[in-house]
Amino acid sequence: MTLVFGVFLLTLLVIVAVAIVRSTNLFAAVMLSGIFSLLMAVNFFLLDAADVALTEAAVGAGVATVLFLSALALTAEHEQVRPGGAALQWLPLVVAFATGGLLIYATFQNPVIGDPNAPVHQHVAPWYLENTPELIDIPNVVTAVLGSFRGFDTLGEVFVVFTAGIGVLSILGLRHTLVEMTSAEIDARQRSLRHHLIPRVVGRGMVPFILLFALYVQFHGEYSPGGGFQAGAIAAAAIILYSLLEGDDRGRALVPEWLLQIMVASGALLFGGVGVVCMLLGGSFLDYSVLAEVPSEGQHLGLLLIELGVGITVSGVLLTVFHAFARRASR
Amino acid sequence: MNLDAHLPILQIIVPLMTAPVVSLLRVPSLPWAAATVTSGLAFAVAVTLTGQVLAGGPMSYALGGWVPPYGIELYVDHFSALLLLIITGASTVALAFGKASLDQEVGHERAPMFYAAWLLVVAGLCGIVATGDAFNLFVFLEISSLATYVLIASAPDRRALMATFRYLILGTVGATFYLIGVGLIYMMTGTLNLADMTDRIAEVGELRPVLVAAGFITVGLALKAAMFPLHAWMPNAYTFAPHAATAFLAACSTKAAIYVLIRFDLTVFLPHLSDHAEQVSGFFIPLAVLAFLIGSAVAVFERNLKRMLGYSSVAQIGYILLGLALLSPLALTGAIVHLFNHALMKSALFMAVACLAFRAGSVQLPDLAGCGRAMPLTMGAFVLAGLSMIGVPLTAGFVSKWYLILACLEYGPLGYVLAGGILVSSLLAVAYVWKVVEAAYFQPRPEGARELREAPPAMLAVLWLVALGNVWFGIDTDLTLGLAEQAAATLLGDGS
Amino acid sequence: MEFLALYNYWVFAVLLLIGLYAVVAKVNLVKRLIGLSIFQGAVFLLYISMDKVEGGTAPIFQTADGAGVFSNPLPQVLILTAIVVGIATTALGLAVVVRIREEYGTVEEDVIEDMDADS
Amino acid sequence: MSPETTIVAALVTPLIGAVGIALTGRLPNLRESVTLVTAGVLAVLVWSLVPQVMAGARPELLVTTMLGGLSIAFEIEPLGMLFGALAASLWIVNSIYSIGYMRGNDEKHQTRFYVCFAIAIFAALGVAFAGNLLTLFVFYEVLTISTYPLVSHKGDPATVRSARVYLGILLSTSIGLLLPAMIWTYAEAGTLDFTAGGILGDVAGPALGVLLGLYAFGIGKAALMPVHRWLPSAMVAPTPVSALLHAVAVVKAGVFTVLKVVVYVFGLDTLTEAGAQQWLVWVSGGTVVLASLIAMTKDNLKARLAYSTVSQLSYIVLGAALATASGVIGAAMHIATHAAGKITLFFCAGAIYTALHRTEVSELRGLGRTMPFTFAAFTVGAISIIGLPPFGGAWSKWFLTLGALEAGELFAVAVLMVSSLLNIVYLLQIPLLAFFRAPASGSVPEGVQEAPLPCLIAIGITSLLCVVLFFGADPLYELTRLLPSS
């Protein structure tokens, strides 16, 4: 039954992807790609990857859609249609088919999906499953691998996010608007939602709960799907919602920009700092075991701190990026 | 805490963790100063690390205290040490050189972000080179790429934006191809550690996915390395980036990708895939030859100085790939030493161009006519580095070409043709360097052109340091050749 | 059933193909970025398809001793990172596109090329 | 001073001179003094080495060792001593002449001219003293590049075009042929040091022939046909530069390198045993005759002299290709004797241009009375080049012919004879026209009108040299005699 459902979902994915490429309405394409991400997330869930499913839903369907929509508001909602422009282009098609064909050629010797004897299930991964209870002592093996066994990857990931944050700030942060708008106009534009009573009341009521949920995801990542990244995204979503309802200026008043910039930097520094402290205490970089008397407690402490660092940087960057887009007036 | 044992990780985290701090500095010039000092510190780490590797052999570092392949491993041997020297060295000189030029182009408001991104590029490239884990490599590849996009987009010219976008698209496609390749190998071996991968590929029965993985990794990295014919993003990216950033990026950003390419092909695939040697040679030799012939030929007709040097880089990458493709110790030594020497000559050339642009406000050759008289020191350094690029004896460029040509002659009848190709390409290099020399020295300043004077002393000092480095490493080859020979021997150790 | 056991990988290849086509062939810069995210999404599918073990569950222990059959946690960790990298790239790309639109007044690549050729 | 110090001093002197000239550019008199003083010091330094070398010493200087046993090193052997002494001495004469010529013609960029000239002399000395092929190659290229500004001195488009031909041919032959030849040599022999008896003993005959070809055509400065095109192109240069190119440094560096390679890289015995040099005898012989024939058709005086040089250079290559003792001696002597003769001829051509602004042979009719001294000197130079006593050229032709007979190359003997006859026709024709033909009506100025004094002094010295080289040829012979036996 799951198999049939999986096949159905996957087929749907392909159909949606084709629709995205064919659509000339960019607004529709962005919406479809949100659906694409949601379908993808369901697929991941079926494949027993709960953490990934949660992240894909939050990032692909949530953050990415918001970003694309903000960008569309500043650019154009339609692809320019050229005479005969709908025709397929042959060279890219050949390249794409060659690539896809090569991969399909390879698949015939791939291990069958779900086969417990596949090499990936024989080497390295079983070690994680066997040793996590003893070495890290938390139920969520994904978090254990993410935070500790491959903590360095996650440090890198945080810095990727950090780079994107300062990058967007550097690219968009400088000249605020090309078209001068009066403060009244800006005010009007930004407070458009403020006069719609129902969304406002409902939305305002939701913001604290979303933040609470973010905290739960943040600190419960060791036991269930979730962690710093997802929590950061959710917390940012709460503030973004608040900004949309109350106006960007009030959003910025709630979390001022200087604070955002410090958050962006300090989260990454916190993560790295934990690693350096481990070094100072005589371990390797990111060897949390030395942080406490009992190694596994050290691991707990380390994971807690680095997840916090991830959460701070991620929410900081997402808000920075959102503000950077929102501040620019469309022409 | 025994600092020596931690050197591999310090190499990465020194620039990496300074970046957030730099992004918060709001005092003018302070971000620059902090970045320069940090970069210098990273260079010092690289030098110490190289000393240790030379004395005690390769170093391994288990992150988090988890033994590989379960944890991520850093692995620094002679080859990576050489690359670390290139990356941190190029960054340090470009920063020390570029203060005035970058102030002019990037401005103070953007400076904290810009210099933070610069340090992230350094950290990312160092990470790529130092890590022993295939996926960790991807993460650092992305850090360095994203930060590079920020550097390029900081230039004032609007065409920089389009160049950034193209680079971003192609760079991401390249990195994703790499990721697909790594995924396929992981599927067949269950490991991500490069050394472990080498061992376990030997036991894999079904080779198709591994073969396809080799293809994807090669193409993906070739994109990142701007290998002909996948170089489309590179000349414009170099042309429109801030001048001092070009001097840094041209020296080392493609080098890291080539490093990974060599490492993967020679240590992971070559020992266990039958016919892989023939495939590598058959695939790379024609592309390498086309690269240096076409790259040099296009450079001859290019009037934008920076784009001309960009196409010359396409050609130089061709030489390096040829050294890889011949698969002999001599050729590989030539290729690896050329990684270093090319960094030397290109950073000197781009710095000289930055000086010219700083005063003349243009990098178009007609606008620079007659600049030799007003800026003799700048042009002198340009000529010196140009000679190195041509491969004149006593310069660094000669050393690598010498090795490559000897390797070609050793290769047999086809090798003679290849050697001929290298010489033709060198002649073309003479032509395009000469074009600049003639415009600078033997043509009058155009009517109404901007009055020129010599670049600021701080810029000239660093420029000449690197230009003279071209001579130094053309004569004293102990360090570069020593590392390269050792690296080549290790890479081919159980290969051929 | 043997036939469907590789279905995920085929969908991965087809999605990759579609994404790559959009990235290479489209001239609208926003559309190319959307294509890029499909392209990257396909790779996520490749990795996550490997992690499945027949009869297993997500790798979160329900009992203290950690008994049970679990899917492979490693590809999941890798893809968590890859998703983040993907969104970071998209954000940066969109920022560049917004600036391009401000400078050139369009986000169609061929129009921009014409404008650059003139200048 | 120890020999090492002398070598260093000799190499550094022209460079210091160049800097001095650049610094004193604003004060022409001081600048010219610097040139002359530097040239004088240099000549003293170089000549001080001659007795030691003739006594059998081989002063050496290792500057630095690079990869794989390659090094930058100097070693002075008889041939290099000869070329070095020649270049250093003629620089003085040429400088004196330049002062008259450049001022007489109000040339621009005079400082650049003298600076580049000094650098060219530095490069020529480097070539002369080089202890291995790599060192020689480096200085060979420096010579090429430092003479480019001299050739393109005038700076108008036509001149720049010709100068590009000059540069293009010299650089492309050296990088495209000479460099691969070097690398091949290194791959075979494992060294590039000049060694008595050669270093290529183990190479098979046909390969040796091909390698010799790479060298012979790769050394473009030797102007072997068909890579001689640069030499006529370079005629756009001011006359002192032509003198530099044809007599002092450039072409001499070329034939010097050919000789050096034949003697110290291939080894005479290796070559003759393999018979690999046979084809070179034919090519160089052909060049001798062909270039002479072309020279006859040229009306432009400098072009005629240029083709004469192409022809004379191939004498030297021919001597090397004979690979016999007398052949090599003759070739080495011809470097000196041809230099003396040809520099005289060019000085005369320049003097005629400076005084009367005439460039074509046909315009010289009846000018013997206007410029008697100049045309007398021209006769001396011409006869020396033809190879008749009592001038130096006689000796070198004598030994070349002897060498051809030793080798049993009747073709070579014939070439030498025919070429001498052709020389008479196209060189002696000029003074004959000047002295014995009636001038075209109204075209000759009244009275004597010679070039400026410095020019005349220089011409006098070089004509005298032609005579000295005949009567005092003994040291020259003693020096060159050391070559084949070494």
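Observations
Order as written gives the chain letters A, B, C and D; numbering starts at 1 within each chain.
Here is the rule we use: a contact is a pair of C-beta atoms (placed from the backbone, for glycine too) under 8 Å apart; a residue touches a chain by one contact, two chains touch by 3 or more.
Predicted, not measured: the structure shown is a model, and the values here were computed from it.
Chain B has the Cα centre that lies closest to the mean of all protein Cα atoms in view. Chains joined by the most contact pairs: A-C.
Each chain gets a centre from the mean of its Cα atoms; for subunit A and subunit B, those two points are 31 Å apart. For this pair, subunit A with subunit D, the centres built from the Cα atoms lie 76 Å apart.
A straight line joining the Cα centres of subunit C and subunit D is 70 Å long.
With centres set at the average Cα position, the gap from subunit A to subunit C is 12 Å. In subunit B, the positions touching at least two other chains are 135, 139, 142, 146, 149-150, 153, 180, 186-187, 192. Counting only residues that touch two or more partner chains, subunit A has 103, 107-108, 110-111, 118, 120-121, 124-125, 128, 150, 153, 156-157, 160, 163-164, 167, 171. Shared interface positions of subunit C, defined as residues touching 2 or more other chains, are 16, 20, 33, 50, 74-75, 78, 81, 85, 88-89, 92, 96-97, 99.
If each chain is drawn as a node and touching chains are joined, the picture fits none of the line, ring, star or complete shapes.
Inter-chain contacts occur between A-B, A-C, B-C, B-D. Subunit D meets subunit B in the complex at residues 64, 66-68, 72, 134, 137-138, 141, 149, 152, 155, 160, 167, 171-172, 175-176, 179-180, 183-184, 186-187.
Taken in their complex, subunit B has these residues touching subunit D: 390, 392-394, 399, 402-403, 405-406, 409-410, 419-420, 423-424, 426-427, 430, 434, 438, 441-442, 474-477, 481.
Listing the residues of subunit C that touch subunit B in their complex gives 16, 20, 23, 29, 32-33, 36, 39-40, 43, 46-47, 50, 74-75, 78, 81-82, 85, 88-89, 92-93, 96-97, 99-100, 103-104, 109, 112, 116. Taken together, the subunit C residues at the contact with subunit A in this complex read 1-2, 4-22, 24-28, 30-31, 33-35, 37-38, 41, 44-45, 48-54, 56-62, 64-66, 69-81, 83-92, 94-99, 101-102, 105-108, 111. Those residues of subunit B that touch subunit A in the complex are listed here as 1, 6, 9, 13, 16-17, 19-21, 23-24, 61-66, 69-72, 109-110, 113-114, 116-117, 120, 123, 127, 135-136, 139-140, 142-143, 146-147, 149-150, 153-154, 180, 184, 186-192, 200, 204, 206-209, 211-213, 215.
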